[in-house]
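One chain, chain A, appears in both complexes that follow, with chain B as partner in the first and chain C in the second.
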Partner chain A sequence: MSEMWINMGPQHPMTHGLWNLRVKIDGELIVDADPEMGYLHRGIEKISEDRHYNEVVTLMDRCCYVAGMSWEHLYILASEQALSIAPPERAEYIRTMADEFQRLGSHLMWYAAFVQDLGLMSPFLYGMRDRDLILDLFQSFTGARMTYEYMRVGGVRNDLPPGFTDRARKVMDWLVDRFREYDALCLGSDIFRKRCDGLGVLSQAQCVELGVTGPMLRSAGSSRDLRKDRPYSAYDRLEFDVARADAGDVTARYLVRMEEMRQSVRIVRQILDWLDTHPGPVMAERVPRWLGAPYAPIGREDYLLKRRYPKGVGFSAIEEPHGEAQAYVVNEGGEHPYRVKFRSPVFANLSAAKHYLVGYHVADIPPIMGSVDICVGECDR
Partner chain B sequence: MEPGEWERTLRASLGEAVVAVEPFAGTRGRVRFRAGRALDVFRTVHGAGFTHLSMVGAIDWVDHREVFYVVWSDAAKEYAILSTDVPADQPRVASATSVWPSANWHEREAWEMVDIQFEGHPDLRHLLMPDGYAFHPLLRSFKLHEPEELEVKVRHV
Partner chain C sequence: MTVTLYSVAQSIAQAILGAIASVLPPAGRGVASAPVVTGLAVLLFAAILLVASMLNTIVLIWFERKLLGRFMDRRGAMHVGFAGILQNFADGLKLARKDTVRPREADTLGFWTGPTAYLVTSLILFGILPVSSGWNSGVLPLSLLLALAIFSFAPLFIFVSAWSSNNKYSLMGGMRSAAQMIAYEVPLLLSVVAVVLVSGSFDLTTIVEQQQNYWYGGPLLLALIVFVAAMLAEMERIPFDLPEAEAELVEGWNTEYGGMLFAFFMLSDYVRALVGSYLVVLLFLGGWTMPTWVPSTLTSFPLAGIVWFMIKTYIVFGVFVWVRAALPRVRTDQLLRVGWNRMIPLALLSVVLAAGVVYAKCLPVFGCVPGLGG
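Let's turn to the complex of A and B:
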């Protein structure tokens, strides 16, 4: 039979965002694949060159719509390094907690979308229902459900509201019980296993060669996790295990993400205990108001002070829900960053698409691409 | 490993290809190298355990351009940054794809955004911008506030 290219996307139920997967097929067999990106490119790196340091945080939320908080954290870490500012300890713990909430939210969203790709409708509703509890928590301390603008150069915008830790503990207790149900629904389902086992296999060596990181890499036997290997914020003071599996297939990625959620709950519980007993400031001292004010006082006198910082370059890397994200912020002494460059884990994971698709069938594409956990917003930036 | 010590190690095998190894917070150091010897530097750094290339980026400094690479070593559990300067009128550097295949998309992006020619790249075409896009948006000369005239070609497949 002759080979032909088909387009899956930019509008296709499998894509979860605007992108186009071009696959070359021979009958039902995939012989080549070429993702076509850029449909969601908004030029965030370019716009950042025209914004004050804290105004870029607004863009970070839009960068990845399921993991906005992680991207805020990434950018803030690099900016603080470029400007030589250190946040207080309580802010570091709050940031770490927000990161883990975001990981839970992102993985729940992934779970919901992934099982829907497989045709299982009820788990989709369960996943979205439980993600809503995380969004409620976000709303209670940032005021927003998806676009938080919570982290600032030098700390976080505001402290937690009264009674927050108790509410968060209740949500964590609820989630741990739900994870058991998820496993029963998926791993106990023959349909799920038949559509996932042994598909989209990547070996650890391939992952390293192709730049694949995050749950995909850990599902192939690696234990690389920046939270352990290169701890940032409060991760070096918290106890948790790195989730990993060996098979490198779709089921292994499911197992890794499920275990990561359990570990996130474990981390959040430790942080909540710490926050209860350690009150303190959440903003560094002597951060100029235009840079770190709780609400950026645009148009005020001190906003226009144009205090200059010595030149510097900041580099940060965090374990984002999708993998390893990096930021490179160049400060040339002005109020705007001179250049901002981001590494999106989804970008790198997608670039390897050919290697985990070729050799499988067209019907395998939704489970395989679902297991990659794609967020086009952060891929295209 | 201290940047100074690493510089001596790299100099021993690479000689003048390495300009300097500067301290860089949070990494082993920033290796500044000569663009003409890029492939030798890539192979040596890869052989030293930095098997994972995380990203390739480029900066337009107006009078010249800088290409930087972030690499990670699983054994040492640390990052290193490689950086090279290329002239603005001839922004050429060898592609890293033969050493780190993951450089593929990152170099495509750096080419379309900052106009860096990666010699030996297997597939240097537009990634985020449409085919036929005539500008390099992350150059400083590309102003955000000026309208542009643009004809986008549509690719039929």
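Let's turn to the complex of A and C:
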């Protein structure tokens, strides 16, 4: 068989979303790869310029469908800086907790999709089952399972419902037990190790050069984690370790993500203890009312236009489940952000596909791409 | 006199033709003559065998769905019929009324004959494999050889349908299928050679009857392991389902097939899974013979042999399902390496062990048996 290009996507079981991986193969060997993104571009950054600050949060949920809360947090942090508003401490803790829930949810989703790519049927359903518990928790305090619209400039929409912390603790206990099962099913299997060891290797230098971040960077020996290196919200008051591995291959990424989930459970437990003993407001006091309202009150538009906020710019960078996400919000004084720009970690991680695919086999594409953890929603925005 | 499937078919044919002859004028009485009765009996025999085997296959699919569901912490099909037992009939009806879309550039002849021949050759196996004494189509002295020969037709038809689909994924799946089946045919046959050496016969009925008191799976444990692993590869089930590895090859060699032709493929896959489980039970687990310590009230029950055989078959298939639930898929080169480098030496070793058993005329554990080795 001579060399040929095949399109894996935009409709292909491996893609987990709407993108196209073009690979040039010689028999079963990959000789070239070319990821094509943009099928899911919705112009979220442009739409944001025509929305109130709090309305953009709705778009953030649609930005990444498995990590909506992290993207809300990212945008809100930048907006608060642009508008010079600080949230109360309890809101910061709740946000941090929501972030970690989202990391658990996202990593469980990744686990399910990844093992499915390897042909492991049962853990796929185990991962989805356990992610449902996280979604149940989200539902109990935000009312939604995927599109939360929970964070607001100046705090969060509502406080936690009574009895929430106990329920969350039970879920955390359950999850820690399940992680042991996951490891037994994956690391305990010789076939799994044969399929994953030494595949899709990216060195630390390559990661830095290509802008690859998140678990992929940490699996290559780096210990860069924005939660430690550039703490935001309540992370500087919490104890946790940065998960890292050295091999830079698929197994290392698996190990990093599993360890991150364990650390997330550890963080959530600390936050739950703190929340039990520190009641308080969850919204900043001096937030202009029009920021809190989704739409301008009828008949008060002139009033709104007069109440301009001082100009400013905001930048935020958070450790999103997929990697380092950054946001830049420009406030020119209007009720809408003047300009919003995001840096998606998945876009960078995916763009480097050629560097971690060439030289491996066609059958290695699913585990390698699965270990990248793709969310096309945030990649294309 | 033992009741055989053929004698049942014969009496039904006699009754039908007798009834017809009694209402016909004397000139038409010839319809009840012996050649006509025999002809109808053969047809009825084939029809009963086919329908029973297809029903068995469909129950097998239901069994896999339920068992797999339990492994995955869910319930499997629940809504159509009791515990979802009619779900597969509903699925089959759905597929039957769907349009079969043929790609414009596909080769018509290959596109249609591939799945059809695949299904037909799989179904023929039901006529060859005995499920109980008297319930097979007749005693063939080389039934084992014939069954394995027909069993290994599959890669040809898979490759034909893959190539004629004119799809890159199909072609890759077809190539993998051919490579895999050739690699696993050798250890499969070698492990069967071990059984043949010990039993001294290619006739499945004889092989089963020799296992009345000891199962070949005990002394020939190595051959059993090799056979089951090679059979997994032949059946293209996880962890060896590379030709249709849905993660990278969409649906492998049946990517372009939909509607009834896809149903043919699915059905043939399960027919082959059932036949594979049959073979394991026949060759290694004693077939329909019951141990002598079983009370005769149980063994003399009509169909007792079939029930006993089916229980074993479903247990063997349950192991296949368990493997599917627990293991990831291996890679093509790893699969081939395991096949050529590990399985074939192991299979050869099992042949040597079997030869030792025959030479000593003694079985480990079971002691010496007169008449061993034919």
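Criterion: the second predicted complex is superposed on the first by the 365 of 381 C-alpha atoms of A that agree within 3 Å, B and C clash if a C-alpha of one lies under 4 Å from a C-alpha of the other, contacts with A are read in each partner's own complex, and residues count from 1 in each chain.
Rule of thumb we're sticking to: contacts are C-beta pairs under 8 Å (C-beta built on N, C-alpha and C of every residue); 3 or more make two chains touch, one makes a residue touch a chain.
In this text, all values refer to a predicted model and were calculated from it rather than measured experimentally.
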item	value
Partner chain in contact with A:Lys354 - chain B first, chain C second, else both or neither	neither
First (chain B), second (chain C), both or neither touched by A:Val362	second
Which of chain B and chain C A:Arg237 touches, first, second, both or neither	neither
Chain touching more of chain A, residue-wise (chain B, chain C)	B
Which of chain B and chain C A:Phe315 touches, first, second, both or neither	first
First (chain B), second (chain C), both or neither touched by A:Glu28	second
Contacts of A:Arg145 with chain B and chain C, given as first, second, both or neither	neither
Contacts of A:Val115 with chain B and chain C, given as first, second, both or neither	second
Set of chain A residues, in rising order, touched by both chain B and chain C	none
Touching residues (chain side chain C, partner chain A) in the complex	68, 71-74, 168-169, 172, 175, 238-239, 241-242, 245-250, 324-334
Partner chain B, residues of chain A touching it in the complex	5, 7, 22, 37-38, 41, 43, 45-47, 50, 81, 208-213, 222, 224, 229-230, 313, 315-317, 324, 326, 328, 330, 338-339, 341, 343, 347-348, 351-352, 380-381
Complex contact set, residues of chain B against chain A	24-27, 51-55, 57, 59-60, 68, 70, 74, 77-79, 81, 100-102, 104-106, 113, 126-130, 137-138, 142, 144, 157
Complex contacts: residues of chain A adjacent to chain C	1, 4, 6, 8, 12-14, 28, 115-122, 124-126, 129, 185, 189, 191-192, 194-195, 361-366
